[in-house]
Amino acid sequence: MHPQVILHSFGYLTQAAGMTLAVSLAGIALGFVIGAAVCIARLSRRAWLVRLGGVYVSVFRGVPLLVLLLFIYYFLAKFGVDVPALAAAIGGLALSSGAYQSEILRGAINATPPGQAESAVALGFSGVEIWRRILLPQALRISIPSLINEFILLLKASSLVSVVGIAELTRVSMNIASLTYRPLEAYVGGALFYLAINLGLAALGALAEQRLAGERA
Amino acid sequence: MIEIRGLDKSFGAHKVLRGVDLTVGRSEVVCLIGPSGSGKSTLLRCVNFLESYDAGEVRIAGKLIGYEDAPDGTRRPMGAWRLREMRREIGMVFQHFNLWPHMSALRNVAEPLRRVRGLSVSEADDRARAMLKRVGLSDKAAAYPSRLSGGQQQRVAIARALAMQPRLMLFDEPTSALDPELVGEVLEVMKSLASEGMTMLIVTHEMGFAAHVADRIAFIDDGRIVDEGRPRHVFHESAEPRVRQFLQTYHDRNSF
Amino acid sequence: MDFEVLWRYAPSLLSGFGVTVLCWGAGGALGVALGFLIALLNRLRLAPLRRLLRVFIEVFRGTPFLVQLFLLYAGGPYIGLRLSATTAGVIGLGLYSSAYFAEIFRGGFAAVPVGQIEAATSVGMKPFDVLWRVTLPAALIAALPPIVNMLIVLSKETVVLSIITVPELMYQMQTMAAETFTAFDAIFAMAVFYWLLVEGVSRLGRRLEARVTAFMAEEARPA
């Protein structure tokens, strides 16, 4: 066991960790927009929108992320987009996460007392305003612990974007392994970085839960 | 101000309102009383079309709400925009206050002014502060609902509805969810509104309030208005057995 | 999609599907068994043991599955563990899922109403009998829906095995795609196939969950 391998590649791993975080952040942010839209669709009064939303959730929770990533990659390559790798990576993560986030938000909105929306309706708010000002802010607060959990899951899932060539933690660990012929140390190094990021996020999650519980009192 | 004629409403197979007729004149205070499940709340909610109705009509200041009469004589559901416009003129206070927990008291009152009436932030805040003063909560403007007592929350809710300067106000059991000690402060505000000439339709169990503040009382049972008239008439001179029975249990419970 | 191509590769695709099911079944069984063992050991209240188990769970839940696979398959030989791709895949799935199953079982144990256990101990039942007759059955029933859920998640993770060359369905599909230049069609077919499979199993899972909750509700109703 040669731990100095990890020390020597510390710089590369840190850079790669940055890429992992960046890709994951982009994925979760875009995923949130998609998730909110799908959630609104599923709770709308138009039957076709409800069905469309339902199909979206079913498809993007049913198809494994790896398959989705490669599909988008080949899809974009086939139709001549220039940087299929990054687009496929973020797009795949976002589309997949969006399905899970929409379910989280939907649960949160269902947990919101109906009177909240009713008072807005009675005052004459338009549908859009009710969503923007009343329902979504409250749903967001309720779902923050679950959303942080989703971010942690997304971060781990991001390791799959290594297959489309993005230079994140897993890919860089693979590179280090093949350069130094020390796969054990290389992957332990990568694993340690993932653990570190996760510990940070878990602490953040605990903090958020505490603050939310306090406010509710 | 409010004209209800021949109102029918069913939830599935269950008929909740059967041919209800009721009028509320300008500046009148009308209280709806009756046993649970009689349809009082449903009737109230039909007035601002939070519940749709199946037959009959509800007119606000002469204008039909919820539906439009098409030129060929049939009735169509009213457009969303029109409905919202009508709702702006109707204030509603709910049993469970329905304040928005992620906004301060001031913001709760100011938000509809900003979003629905289109006032600027400073105008909305000014008017909101005036309203909070009106209900006696100036010092709680920055407080969040979770920090306010039930009575305070309900007063903020009244301020929120009042800030819109509605032509009439609907109250759906405004004090039923409050601890007995807090009921008084809310009734005081409602009394002062009545004395200023606000048109009010109130569903309530507070017989004392109804007796002293209402201009008229309507007793609903099983989806029908069984008796109505001035408080003296309903409470003491009603010939309807159902009314007497209802008031008897009330008297029994309260005359220890 | 050229059906002649599909027909030609049918045997390898079927074998791939067989490997997928095998890995999923064996990995899942290993994960459930190991997870259950961990949850039981956790109840022994031995602080050093609990710390060790906690580390195990945090490591396997805190790192990506792919990295764990690489460690096992590529890094294994350097600690004397020479595994075939499929074996590494099954063990990888087992270890990875055991951490999640351990937490699920822990939740199951926590969901047993304290009153039921108190009723058993106050009547004088031996601790072993309390565990065997009261705690375990209730815990397992409570844990069933999340277990089914996790097994569905695991079925999707099997595609990751293709990256370490386990000859499961995805791998066979990619081989076929490479040899016949039908990458896009192949991956599209994979997506549809997995979607239908997961949707179907999810529906069965939901039915099972409905049955279980109905059963639990019945338990609560007085005789």
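Each chain gets a letter, A, B and C, in the order it is written, and its residues are counted from 1.
Methods note: a contact is a pair of C-beta atoms (placed from the backbone, for glycine too) under 8 Å apart; a residue touches a chain by one contact, two chains touch by 3 or more.
Keep in mind it's a predicted model, so treat the numbers as computed, not measured.
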Comparison of A-B and A-C by number of C-beta pairs in contact, larger one: A-C
Farthest chain from subunit A, going by the mean of C-alpha atoms per chain? B
Taking the mean of the C-alpha atoms as each chain's centre, how many Å separate subunit B from subunit C? 55
Averaging over Cα atoms per chain, report the distance between subunit A and subunit B in Å. 45
Computed distance of Cα centres, subunit C from subunit A, in Å: 22
Can you check the complex and tell me which residues of subunit A touch subunit B? 113, 115-116, 118-127, 129, 133-134, 137-138, 141, 215-217
Spell out the part of subunit C that touches subunit A in their complex, as residue ranges. 58-59, 62-68, 70-71, 74-75, 78-79, 156-157, 159-160, 162-163, 170, 183-184, 187-188, 190-191, 194-199, 202
Which part of subunit B faces subunit A closely enough to touch in the complex? 48, 50, 80, 84-85, 87-88, 90, 92, 94, 96-102, 111-112, 115-116, 146, 157, 160-161, 164
For the complex, which residues does subunit A have touching subunit C? 1, 58-59, 61-68, 70-71, 74-75, 78, 156-160, 162-163, 169-170, 173-174, 177, 182-184, 186-188, 190-191, 194-195, 198-199
